[in-house]
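In the two assemblies presented below, subunit A is common to both, partnered first by subunit B and then by subunit C.
And now, the complex of A and B:
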């Protein structure tokens, strides 16, 4: 069985389990998983960038762009259903990245990180000052239907959850496919030595640009899903600390598997809800220490624990 | 006319505050290749320490002029205690790793320090206004400025001059320059690179803390005050060129003037004008104003 088939099968089983578990889960758990999946989408995009050797401290830009596009779309274009809202979010974020990528794709290492941070702070500044979009308060977002089912109905309650799970499944399988393709395999080569890649006739800048757009589209979908799940959006989504949290999830999960960012995000959200209840003032302390421990002792991310064991077994 | 004067004066005051903070950031990057995301937290630490020490001094009823000494003392203490603690306790295990990894390490440190500050000082805000008003005001045309602002500008100039003398005029500064150019060759020549790193990071921490301590009387010291400062300091050093002292000075001036111009003429763009300038500068000079392009290694 090829690695791609194995990943698809594994993700399919995960999707099935999530579907079967839905009626058993309490409301808070449904919400938690939905949010975790939405954030996992952003981290999945970061995984692609990290494979290319880039760390973005500005994914909050696309996250917020997706959320605001979904919110504005539902009001201005009168989209009642959640599915087109999420699509709109992803497309808007991708369009933003396609534009900014013309500049961003020329930068590497910390300059890339700083420039992406600057762009996300520009959007934050814009949103805070735009009273039509609610300034610092943001505004409420709600879909009337999901897949045509009214939100209030028995089945509709699981709508956003199901939508998030399907998006995650599609994105993970798609990205896995992409990583195995010609372009996807160029990414680690760019990370190792981009000049050699150019000597072999590939355009590094185009590849980086494309990966930026893909990562942004995922972040946009994640933002739109978050907007639907929470029912509210505010400029804080574009602030650099939000982007830092995505980087945290990506570091925690590592770049080994497309499933890792979702596992990492669920872990983070679980930890957060417990920490908020028991130790609200030491939450960041725990997060920072965990991140340090992972960077120092598990540079490949938490997922590499499974991997090592598998290698030892064979 | 008076508006232009106000823009200039406000800009210079803001720039001198930024310069003190940014110069510590750029020094640490220049020598150690660490872009310190925790720099803003060190700044906040300085502000908290200053508020506590100067506050205690004033409450004890001693001569109010002594509170200025307390501000400086607080910054030096933070630098001497926290700097070596972080460098010896954490950073020295990470030397030689990728620059981006070090950004992530210091980001984790930033998260930890934010909570440590909350644990030590609590979540309420601290005020020490006395040193701010103590020196009275000075009239500039139709405008009135507190003399304390002039102290800030003077402190920034002093920091700049001292650093310049320290780096270009002393033996230790020459060792530092050697380490900046090539860490391994310097070590091979017998320079104690570890000690240079320790001194540099302590100095960088001290500069951040001085920035915080001198700001403490002008603002309320609250949790999260380092969060915005760090991205401003990034903008300054990225505009000027990472690792360049002149760059930090020019970057601080540009950012200071742009911000005060935006505040006076286009208040709706104030928040993002700085980042817009940063993006524009990077678009034209990808490595900042004062850093030459580097040859790529095959």
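And now, the complex of A and C:
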């Protein structure tokens, strides 16, 4: 069985389990998983960038752009259903990255990280100063229906959760396919040796630009899903600490598998919830210790546990 | 025979340093040409100018009759000029097989853009395995490039350039960093693999034994200029070449220093 088929099968099983488990989950868990998936989408985009050799400290920009596009779009275009709102969020973030990528794709390493952070802080500043968008308070976002089902109905309760799960499934399978294609295989080649990639006849800058747009689209979808799940958006979504959290998830998860960011995000949300519950004053300390432990003992992320086991088995 | 590669008055200066001065030469199709010269003679500069890594201060480069002066390396690669590097430029975290698949994948995605590649409709995966076979690299197929011995990395670097089946291959010191007793078997292997496709070869080399044995024609560089150009025996017996490039102080003093 090819690795692509194995991944698709694994993700399909995960999707099925999520569907079957939905009625059994308490409301808080449903919400927690939805938020984790939304953040996992952003981390999935970071996985692609990290494979290309780039770390972005500004994914909050696309996260917020997606959320605001969904929120503004639902009012301005009178979108009542959650599906077009999420689509709009992804497309808007991709369009923003297509523009900013013209500049970002020229930079690498710390310069890329800082420039991406700077752009996200510019958006944060703009949102804080725009009273039409609620300034620092933001505004409420709500979809009337999901897949045509009224959000208040019995089935509609699971609507956003199901939408998030389907988005994650689609994005993970799509990205896995992309990473296995000739084009996707150029990402690690660019990370290893840009000069040689150019000498093999491909444009490094175009590839970086494309991967930026893909990562941004995923972050935009994640932002729109978060807006729908929380029901509210504010400029904090573009703030650098939000971007930092995505990097946290990406490092926690590792880049070995497209499923890793979602597992990492769920774990992070669980850890945060319990840390907050049991150590309300020192929960950041718990999070920091967890991060330290991962870096020290699992430098390739949580997913490397599975890999090591597989290697040991063969 | 028509020239495949031609340079006219090619000059490159870096501030006060002239790395290439007025280089005019032409390479015929289906030949093996050696490029010799001491350190700083301008050999690698010439390769960098031809492949577009450096833009010439003056002069032109023509490939198959087309002016390619100042084009980006990736465009020149697509026209059919590939090169290997003195220090192997491979993708360290990828396996030998994946390294080959990078270039082959690029060609197969843009077959229309790669006017100079003779890959045809061959499957990249099949060509990658065939190349590993041809360069005796099969045992390293699934090893990451970072753990391969230097000689193997060198072969992989050349295999990557040849895999996309260019019209001309420029090799930058294929035997540097390879031990003396391995260099002939390495060159036999490399040139055998390359000439199986009838690819034109221009290779830069320090080692006179190598150029004598494998080339039909030699270009001798000194101080950024071409000081001799002709069939191998004539150039190697040229007194100026012997003094400035080969490094023999005077013929009667006997053996050349190594």
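The rule we apply is simple: the second predicted complex is superposed on the first by the 314 of 314 C-alpha atoms of A that agree within 3 Å, B and C clash if a C-alpha of one lies under 4 Å from a C-alpha of the other, contacts with A are read in each partner's own complex, and residues count from 1 in each chain.
In the analysis below, a contact is a pair of C-beta atoms (placed from the backbone, for glycine too) under 8 Å apart; a residue touches a chain by one contact, two chains touch by 3 or more.
Just so it is clear, the structure is predicted and the values come from calculations on it, not from any experiment.
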item	value
Clash or fit, subunit B versus subunit C on superposed subunit A	fit
Contact breadth on subunit A, by residue count: subunit C or subunit B	B
First, second, both or neither for A:4, with subunit B first and subunit C second	neither
A:31 touches, of subunit B and subunit C: first, second, both or neither?	neither
Which of subunit B and subunit C A:139 touches, first, second, both or neither	neither
Partner chain in contact with A:182 - subunit B first, subunit C second, else both or neither	second
Vertex subunit A, arms to subunit B and subunit C (CA centres, degrees, nearest 10)	80
Touched partner set for A:287, first subunit B, second subunit C, both or neither	first
First, second, both or neither for A:193, with subunit B first and subunit C second	both
Smallest separation of CA atoms, subunit C relative to subunit B, angstrom	6
On subunit A, the residue positions that both subunit B and subunit C contact, one per complex	193, 195-196
Interface residues, subunit A side, partner subunit C - complex	182-183, 185-186, 188-189, 191-193, 195-203
Residue ranges of subunit B touching subunit A (in the complex, touch as defined)	35, 90, 93-94, 98-101, 103-105, 107-112, 114-116, 118-119, 123, 227, 231, 234-235, 238, 242, 268-273, 275-276, 278-279, 282-283, 286-287, 296-298
For the subunit A and subunit B complex, residues of the former touching the latter	55, 57, 103, 106-107, 109-111, 113-115, 117-119, 121-126, 128-129, 193, 195-196, 240-241, 244, 247, 251, 281-285, 287-289, 291-292, 295-296, 299
Subunit C residues within the subunit A interface of the complex	51, 72-74, 77-78, 82-83, 89-94, 98, 101-103, 105-110, 113-114, 124, 160, 164
